[in-house]
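Two complexes come next, and they have one chain in common, chain A, joined by chain B in the first and chain C in the second.
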Partner chain A sequence: MKKLLKILCAAVTLCVILLSLGGCWSADEISHKAIILGISVDFADTPEKYLVTAQIARPSQLKASSADGENAYINISSEGVGVQAALHGFETQLSREIYTGHMELIIFSEEIARSGLTPVLDYFYRSSEARFSTPVIIAEGRAADLLDIQADLEQMPVSSILGTMSNQDSDIIMSGTTMGDLLREMVTEHSAVTLALFRVNGKRAAMEKAAVIKGDKMIGSLTIDQKQYELLAGGEYDEGVQVCKIADGKVASFRIMKCVTKHNLKYENGQFSADISVNITGQISGITFGGEEYTIRAREDLEQILRDFITRGINDMFSATKEINADIIGFNEMLRRKYPRDSKSLLENWDDNYRNFPISVSVAATLTGTGAVRERVK
Partner chain B sequence: MSSVKITKWQMISVGVCYMIGAILHLSEVSATAGRDAWLMPVAGLIMFVPTAAIYCLLVKLHPQKCLYEINEQALGKTLGKVFTFLYMLFFFHICTLNTMQAEAFVSAYLLPGTPVIVCGLMMTAFCAFAIYRGLRAIIVIPFAFGIVSGAYLLFNFLQSVPQMRPEFLRPMLAQEPRVYLHAAHIEATVIYGEIIGLLTFAGMLEKKTKFSVCFIITMIISCLYLILVHLRERTLLGDLTPYVSFPSFGAVRMIGNVTGTLSRVESIYSLVMIAFSIFRVLITLWAVITALKQVFNLQSYTSLIIPAAALAAVYSMRIYASPNDSYIYGLNTTPFVWTVFTFIMPLITLVFAAARRLLTKMPTPNTSRKLPEQGAEPSGAEGF
Partner chain C sequence: MFQTAEENLNAIAAIFRDDSDFVAREFQLPSGGSGAVVFIDGLASPEIINDFILKPLMNDAPISIGEAAKLDTIEKAAEVILDGDTVVFLDGFTTAAYFNTKGFPSRTISEPQTETVLRGPREGFTESMRTNTALLRRKLKTPDLRIESLRMGKRTRTTVCLCWLDSIAAPDLIDEVRKRIDTIDVDAILGSGYVEEFIEDDPLSPFQTIGYSEKPDVVAAKLLEGRCALIIDGTPFALTMPFLFIENFQSPEDYSIRPLSASFLRLIRIISFPVTLTLPALYVALVNFHSELIPTALLYTIAAASEGTPFSAPLETAVMLLIFEILREAGIRLPKPTGQAISIVGALVMGQAAIEAGIVGAPVVIIIAFCAVASFVSPTVSDAANLMRWVLLLLGATMGGFGILLGVLSIYILLASTQSFGAMYLHPIAPLSLKELGDTVVRIPMWMLKTRPSALRPQDKNRRSDDPKPDFSGGISPYGAEQ
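Coming up: the complex of A and B.
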């Protein structure tokens, strides 16, 4: 009897295994998915509706796209009362189920960013597929146009935009703010964060500004130069180029090799203040004026030029952010961390107090090289 | 007493893997203590010391006995069985809670769209099979798996170091004291307290091995691990931590950059997490089955495995409407309810055991009456 039971159990187990070899009854094969690489969100022409455009990869065309003129992607759009509803609308246009797990970019139009990102971001951060490490950018004009640009060196517009950001990232102009960074700043009171602001010119896109987001709304923008100084003052600047424009069209450019920024918050006589010290190491990259005196022998003069230029740039950046009341460096958080009790009253009205918050900037510059030549070639 | 013996390191690996399995339940502590959550494993451990001392003393007074045998020896047959039955309910509740959390995690992140019942049945079927195979299978799983997974978790932690922002931990200890008390209470009763399940293995420990040594090493390793988990959560998520359903997993999902070179590292991490969670289900299911065996004086627990596992799978779908309810319950009610099972009941058992020991040592004027041997059932024990 026991032996019979064993045989019976083995037979049942074998049957179950054999049946399951064919796969799951509700199999979710990757080849049956429409893989979304990027999503843009605009206000639709219909009131109270969003226009969501998705760039979907066509894996079969990824290698042969340039040869037969077929794109390696398709863009499809759908309208809905929310992002979820619009995405649901894709299901009626596609033969495959959409998949956002490989989404590499989220683009919001400036109009949406100015009206508030919470209603549109809600879907993305609740989704188990979307990732916090996905970069978010803002588009001047229609966000969908960014997904339709000509990607000369890449196969897809999304890759081209991401390439621009990561390429610029190494050259300090813009770092990619991710959905996680954005959410983290959104839950932190009074903080502001900057996102890359792209503009479409014809069929090409360029990153020309940085959108300043406070709470969940875009409240203004910074120029690319101001964005650089934000990175410098915030301690996120690694290396890059500083082109110092001096009077009468004279230009001295420097290659920055290393940058160390320190923040020192003070509380003296009931007054809070911040000292920012920036220590730069670089080398001469190009000088359009002067004679022999502007070689490495005149290093101190050149260092002074660089020092003054960066100090002025950072101060101008702070003036601009104080005008729009955007604490993009996060002094409020730094104060809260360093002086949790004393700073309470100041931080309660931080939106007003930031305008008058004293920030002093000191820059130290050291030039360690002259490039490939020692002297200026006449 | 089981004929199977487990070594010191096997016992430690069971304890540590069981504690790591609690990773899906850490959100209550993160939400309560905020940026100071990483200090709570230490505060909770300090709060847990008296409970730990009770567990160690219980095992010291009743060497080579498991929790349920200790109950019967210390409290007498009737009350002992009542306690064992209550522990059975407690472990059954933990078992189903863990199954529910694991199901929610699997169907949300690992295999989206998979019916919850399929996840539950597969997990409990695996656990039932491991229990059917016997204690050796239960011990071998964490020993082999724990080393590999532990190494991976360490590697995974190191991967996240470049993106960590230590400033998210400041200001330290600037919240109201009741916040820390609440968080440490959750940590001590819900996270550490559930380690009482390890006492169901105490009877199988090798004779020369001290349970207290195993227990202390387990608690220290677990505490270090919990500190690392909380540190990573906070330094990666910052103020976003309370908003994320599974903070430790959410933090791992943050690993990555704009070029995508380091992204999607959470796939293996989620597998490891779910494996540890299943192991926690396995241990609690084992505790349930052995408790039932003890209550009903059964020779073998084999016949209990399938019904208990099936009940756990089904009950896991009914216990709460959603994991969020469990989270809210875990914030306010669970720490107090769990105190009864993890502290008060062992304390009562210890008091009875100590009293019994004192009585047996006390010289009696009536020399003709034979004193009962230690561990033997004294007459009138049912009266307790």
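Coming up: the complex of A and C.
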């Protein structure tokens, strides 16, 4: 009996302690929440105000939407001096409490990105509900328009945009940069990060460029091809397709199966430099030239084509980033880690020094198998 | 006792008074004098009495019945006839004789309802104690098997047999069981539960600390591990002790099927226990407190299902759980055909109708249904799980994940501190004994199972020798003899 009493006392004490952490008063029914799927932020027409548009799920319509023609979401907008104030405005329009715990996408207009993201991102960083793993994208033109696109295969525009990004991801064009990545880059001096740049094309969203963000501002953009070489040079490329244009309109395409990138930073004779070696293994997936020409081309030639093509691509990408002064690979951080003392003076003025930072690229390509062959090798 | 049969007869008739099943038959001996046989109609076999007692006595021939003995007192005579024996009084003797004429009706040996197996032996205990000891003896044909008879219950005078293997079971275990049985002071023992509650370590714990089985092969296996068993007259359930928590997840089937399949099934059973225990509580905690932990797509589904339902998630879950408990109880108590009807009405009609009418959401019905199915996987621990589930649901509904954590930890502490006849309940998991994990979460092949559970402190620790299993790979070849 004494033992039972002791256990009972311990249980009651624990319950009391736990009740200070949370109790039934902090319970919240899912069906009483307005689940926000994505948020877009634009400058409002009123000066110094933001226009925040939220896409809110209508769970009851999720299954029936196609049948009765009603959308599985609603978009609502509110203006405010900050994101918080605008979100507060939603509460006057909605019957339910807004919930950002499952927010899947944040969209900023290019205009906001160019003027600086800190004032708008601050709310999301401090919010207890929002997650650091939420992808952030930039919209050419009005960000709210992206929430209004035709979703086609998906039920909601946000899912459609996310699907486009992850779909591209597997084919290695764009990896989704998240809120957490953005924050990490923002606190790292002098380096830059790329975000997907979407444009509304008719009623559909198209991802055609990558926005380069340095500090908290957008300083320029890369083409999708350049973005691809950034991933290759940065070691984030895994597998994908490379279409190499050869003279006279001839095209050879390759499927890259494996890609290993190594960065080697050097400090010789008071001069810093970087060697990037890319080791590619792939297969031939298609050649538009055949017959005579094909038969005489040995595999080594095709490897040479691929090698040259990728080397040229990476070098072009570095030229473009040097032009806008954006160290998107993060050499400054690598130098700081490898040569903490010697690199100090170089890094102090990295913005200028990056333009002249020597980067040499060497690519090794190995083709395994013949891939799709139209004619037999004689 | 008296000198004449008539006086003795009167004395015993005075004890049974006008009982209609009490039979006294007087007769004259050919050699002079009279005698009487007394027995209870229905308990004793009339054929045996007629052919092997009355006929020889009346013809002055010897009685040919194996089990017979002398009795000194009328009270003893009354006791033995209540066991189905027949007592003979003769003129001129101050003692009586009794003969084993037990012939009461009993159920035939059939397959147990509670422990069905696909490949194992199918015979089960019956309500007759002697049949049960015979079934056990048939499994363990060794003089090592001790069967000690005891009487319990002031009014029922029920026979209880304590069985153990002399060279395996720890002597202090047997002494402890005897000691605990001696303390039983009750007027009736009508089933195994009566004994269990008197001798178990912690009668208030939701978890049982004494095992039970209807199958002689299971009881034999337990005795072989160093446990002892109690076979109680009038019930087909034998009690085995000590009982370890892991026994809840061991099925006799495990030892009849291949080790890999047995291990997989055992894992399923073990996983089902926390599932059935915590699933409703986890659902309520996730939906009400931690919705950010639910995958987005699932969140929409849950939100869509619970939209328009009038009750909050905890209330919905509690009501469905209560309905399930009522249906389960009704299904068990009702006769078999009606019981099935109840399950159909409960599962199909009420569940479906409740969802369609928008009273409860489909996820809650799925959760409760799955939880119910998972609870049937390990029937012996389901009673405890059914009870603890409510506690966890309450904690999950009031304190969310913290509450469930508190509940689960408390259950673990309770389990870890429980003992059964000197064995730690969570053995061999806590305290951890790596060597003995072979027959717990998994079931290793028989030839690797070399030792008996050390928690039972067996005298003979090894089941088999240390010799490795013979290698048969070099034996007969499908390609004939090697060239």
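Odds and ends about this structure:
Throughout what follows, the second predicted complex is superposed on the first by the 338 of 378 C-alpha atoms of A that agree within 3 Å, B and C clash if a C-alpha of one lies under 4 Å from a C-alpha of the other, contacts with A are read in each partner's own complex, and residues count from 1 in each chain.
Following the convention adopted for this analysis, a contact is a pair of C-beta atoms (placed from the backbone, for glycine too) under 8 Å apart; a residue touches a chain by one contact, two chains touch by 3 or more.
Not measured: the values here are computed from a predicted model.
Touch criterion not met for A:Leu153: it reaches neither chain B nor chain C.
By the touch criterion stated above, A:Leu5 is placed in contact with neither chain B nor chain C. Within the superposed three-chain model, A:Phe132 lies in touch with chain B and out of touch with chain C [touch as defined at top]. When the shared chain is aligned, chain B comes close enough to touch A:Met165, but chain C does not. In the superposed pair of complexes, A:Arg337 makes contact with chain B only, with no contact to chain C.
Residues 26, 28, 104, 129, 131 of chain A are contacted both by chain B in one complex and by chain C in the other. Residues 26, 28, 104, 128-129, 131-133, 135, 162, 165-166, 169, 175-176, 178, 180, 183-184, 187-188, 333-334, 336-338, 340-341 of chain A touch chain B in their complex. Residues 4, 7, 11, 14-15, 18-19, 21-24, 26-31, 33, 35, 57, 59-60, 62-63, 99, 101-102, 104, 129, 131 of chain A touch chain C in their complex.
Those residues of chain B that touch chain A in the shared complex are 108-109, 112-113, 167, 170-171, 174, 237-240, 243, 250, 253-260, 263-264. Every residue of chain C that touches chain A in the complex is listed here, in rising order: 204, 287-289, 291-292, 296, 299-304, 306-309, 312-314, 397-400, 402-403, 406, 410, 414.
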